[in-house]
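Here chain A shows up in two complexes: once beside chain B, once beside chain C.
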Partner chain A sequence: MKSSFLQIALGIITGIGGFLEVGSLATAAQAGASYRYGLVWAIVLGTVCLIFLIEMSGRLAAVSKHTIADAVRERFGFNFAVWPRGAEIIVNLLVLGAEIGGVCLGLKVLTGIEARWFAVPVALILWFALWVGTLDIIENSTSILGLLTIAFLVAALKMHPDWLPLARGSVFPVFPPRSESGNYWFTAVSILGATISPYMFYFYSSGAVEDGWDVKDLPANRVTAVIGMSFGALMSIAVLVSSAHVFNPRNIDISRYEQIALVLTPALHKWGLPIFGISLAVCCFGAGVEIALATAYSIAQTFGWNWGEDEKPAKRARFSLTYTVMIFLSIVPILLGVDPLKQTMFSMALTAVVLPLAILPFLLLLNDEGFVGTHRNGPIGNIVVAFTIFMAAIIAIVAIPLEIIGGGS
Partner chain B sequence: MPPTHATHLVADILDQQLVDTKKNKLGKVDGLVLVMREGKPPRVAYVECGAPVLGRRLGRWCERLALALNRRFGIREKPRYRIPWSKVKEIDIDMVVDVDEHPLLAWEDWLCEHVVRRIPFSK
Partner chain C sequence: MRRCLALCLLLVACGAKEPQSERVRKTIASWDGALALTASSWAKGDLPKHFVKDAAEAATEELSKQAYGHAAARALALADELKKAAENDDKSAGARLAATFEQEAKKQQ
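And then the complex of A and B:
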């Protein structure tokens, strides 16, 4: 039995690792620079959907002792499970590459050395952390280091945000002129893709099963989902606000990570750059850990292999080799010189495209008495999931054309 | 003990997690084999596992691919493995089967022996 402190740690690491990572940082910074507070609603909307989905992942694990990937294969069969799993592997490879790229960029900000040179050492350190670490060590160390991102909140507050327009922007879209609407919606889609990341569900539900949650843990699960994800969202909004104040008045559109690095400088002066570098590296590292593990978890669970981060690799050979291969394969684009910001934005939009496939099972599993007994979804939970699937399906249809119109401009 | 309430072969049994009596995960129930008996209802005879069994569910081409890959790279003599239904001890969260000699962890063991154990800090 874990203490509730450790459970909440799992939530906060899922929040930090899964939330404030290279994707949400880049998308929030771009949104703030181009549209001021005009896209805060996308972060808020994504977070509300995410809180519900994370809570459901934990509830399914606690009540049925099944992870999401496990339950999907069991309930819908291999012929269904193979599609979300296949899509997940491709998307996660790209996103993991983007996260490792994020760590490299953070180190570049700190040292001035070209990011590409860090790719292999960072991949090795990430792999080593998983190879020798346990889930507890990984959860707690990333949670604590992730608190550094409070720097973004401090910076945003020092910018004196305009609270009324910010509140309005959190609820209502502020449309740009027609000529920019392609890019506006592309950025909105990327924010939603960066916020509602399916790997978080796989990671969280596997962590819950590995930590042995049961029905008694449901209240802590709820608190964790709300606090962990809201903490992540708050930091994301803080990045957006800082970016809106630093870049928007100067008409700077962000096209390179080096520009985002300046977001803290006006508020934190000489500490701005190093704090940005460390925060970026830590957050992306945490996200990288989660994505590599989540992919290995879900592949192992789909095929019924032994899995678990708390056991030595020799006892989980296929599981451990899966994340090993993932990590080293994911750095190929960086080594080939693919632009990290382009890869990030592309992989976030791609995440949005595969989202309906990943969340459709929630609606059925969380209403299946065979899995969750009396702890089924209430009407609000079902409405939110149904709405998210509907929204994700529309996004999936429009993301590709928007990518062509918006991403290229 | 098999459950007393109605159990659906496809909804409840197929794709369930297989574990041995020591809780080692052996794979999933990739297929079920029924024997037809004259004048009597069909009987579930085996639980079937293996890549070609899974492949067949996706299509014949996938089964052929799995068999070809097994001929070229396989380490199991028979890529399909059948567990007699009489060996099924419990169906709950996982399906517990009482089998001692089986090739289901052949890949796990091979990779452990040839790759993982050669990497430092793996034990």
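And then the complex of A and C:
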């Protein structure tokens, strides 16, 4: 088991490097370009909910030695567990495709070679990393490489943000004209979907069980959730601010990655594009690893198979087969030429749709003495989870009509 | 439950689709702005020519799909010029085109 200090440090690095992925990058860039600081509140709101849910996932794992999927199956039975899992698999497949697409686009930005040529090699490297790597090696290497995303913070500060409107935008929604409200709320929904991604809970709680956390790790878990996710959100806000300063005054509405790729160039000049390309590739690769593993974890735990990234593949054959199938199936849209940005935005909105199914069990499991003993949720934790479920339910109902009204721009 | 559903429907109803002509104008302005930034950054040596070519191709693809009329045809012709300038590594043409795109973007505002 890692020391608490090392665990917190790694958590913070994971927060910085792991939070920013294709969804948060694309949605934050679109938000900044179209509405300046008018959607910072969505990142802040999503992050507050995420902090609570991540902390709860870690607490459940540390106290009960159960992952979320495991506990759901044990507490509510296989029949209840299998339906949400089915929906999540479909969404994760789309999100994984979007992340691999993000790696390919990062490589395209760097080399000029068509993105779809990278799809199969990237999928193979991702699969190989999971096949031979251990959880620690994969997590730490992608997270440390992901520190490059601090470049977005540097760029945002170099552009001298207007602090007062930024602070106001962090708390209050800015209502756009009626003709733009469909797109505004669709972007808000996509930001929330990109921020509160259910795969993060499965990955975090499964990692905690694999790392052998116990009650002693609860303070470190809390600090990791708060500081790590806050740092990650800071990077996301930095993307939004950079985008607001580069694209909004020029009336650039983001519809292609070729536009987003310009976000660092005015501030970092000739380093802007290479840093953007590498950041996009590394962050999306890290997120791809997390999604492939999280899906394999949740399926294996729901069906009661052997699982564990640190075990040899032969000892958990069905677990390894699951991520293998997921990875290679997810690249089909890229090979068919589906626009990666549209797939990203659609999959983020779809993530928001399955959120209530993923979050509802938290309210019951984290109040069940059989699982968490005396470490049950306090009133604030319960209010936040209940609010997140309520918000997620509204989002689930409105996401698809908003996609028709305002999405796809 | 009924109140919740009503709130959701209200949210959806608040969103109205933009008129087609307005969307076309925004698309053209957006690509004029993006290509102005791309061309000027390339002329200053901040972007490689392969990226400029990719951006011009992306603009051509999107404008062909979503825009129509005189302004769209002009933007398409300029995007093609920028692509050719990038292929020939002609940065002085890039600087000239950046100024033209800038003017076109202002016209669309």
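Just so it is clear, the second predicted complex is superposed on the first by the 397 of 409 C-alpha atoms of A that agree within 3 Å, B and C clash if a C-alpha of one lies under 4 Å from a C-alpha of the other, contacts with A are read in each partner's own complex, and residues count from 1 in each chain.
Operating definition for what follows: a residue touches a chain if its C-beta (ideal position, glycine included) is under 8 Å from a C-beta of that chain, and two chains touch if they have at least 3 such contacts.
These numbers come from a predicted model, not from an experiment.
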When the two structures are overlaid on chain A, which partner does A:G112 contact: first (chain B), second (chain C), both, or neither?
second
Taking the superposition as given, does A:R318 touch the first partner, chain B, the second, chain C, both, or neither?
first
So, does A:F303 touch the first partner chain B, the second partner chain C, both, or neither?
first
Let me test your reading of the model: by the given contact rule, A:I327 touches which partner, first (chain B), second (chain C), both or neither?
neither
Please work out whether A:F78 is in contact with chain B alone, chain C alone, both, or neither, and reply first, second, both or neither.
first
Winner on chain A touched-residue count between chain B and chain C: chain C
Once the structures are superposed on A, label A:S255 by its partner contacts, choosing first (chain B), second (chain C), both or neither.
second
Between chain B (first) and chain C (second), which does A:H66 come into contact with in this model arrangement: first, second, both, or neither?
first
After superposition on the shared chain, which partner residues are touched by A:G182: those of chain B (first), chain C (second), both, or neither?
second
Scan A:H269 for contacts with chain B and chain C and give back first, second, both or neither.
second
Name the residues of chain A shared by its contacts with chain B and its contacts with chain C.
none
Residues on chain A engaged by chain C in the complex (per definition of touch)
108-109, 111-112, 178-183, 185-186, 246-247, 250-253, 255-256, 258-259, 261-262, 265-266, 269-270, 272-273, 390, 393-394, 397-398, 401-402, 405-406
Please name which positions on chain C make contact with chain A in the complex.
4-5, 7-8, 11-12, 14-19, 22, 26-27, 29-30, 33-34, 36-38, 41, 44-48, 50-51, 53-55, 58-59, 62, 105, 108-109
How about chain A: which of its residues touch chain B in the complex?
64-66, 70, 73-75, 77-79, 81-82, 128, 131-132, 302-307, 312-315, 317-318, 320-321, 370
Chain A-touching residues of chain B, taken from the complex the two chains share:
10-12, 14-18, 24-28, 30, 54, 57-58, 93, 107-109, 111-112, 115-117, 119, 121-123
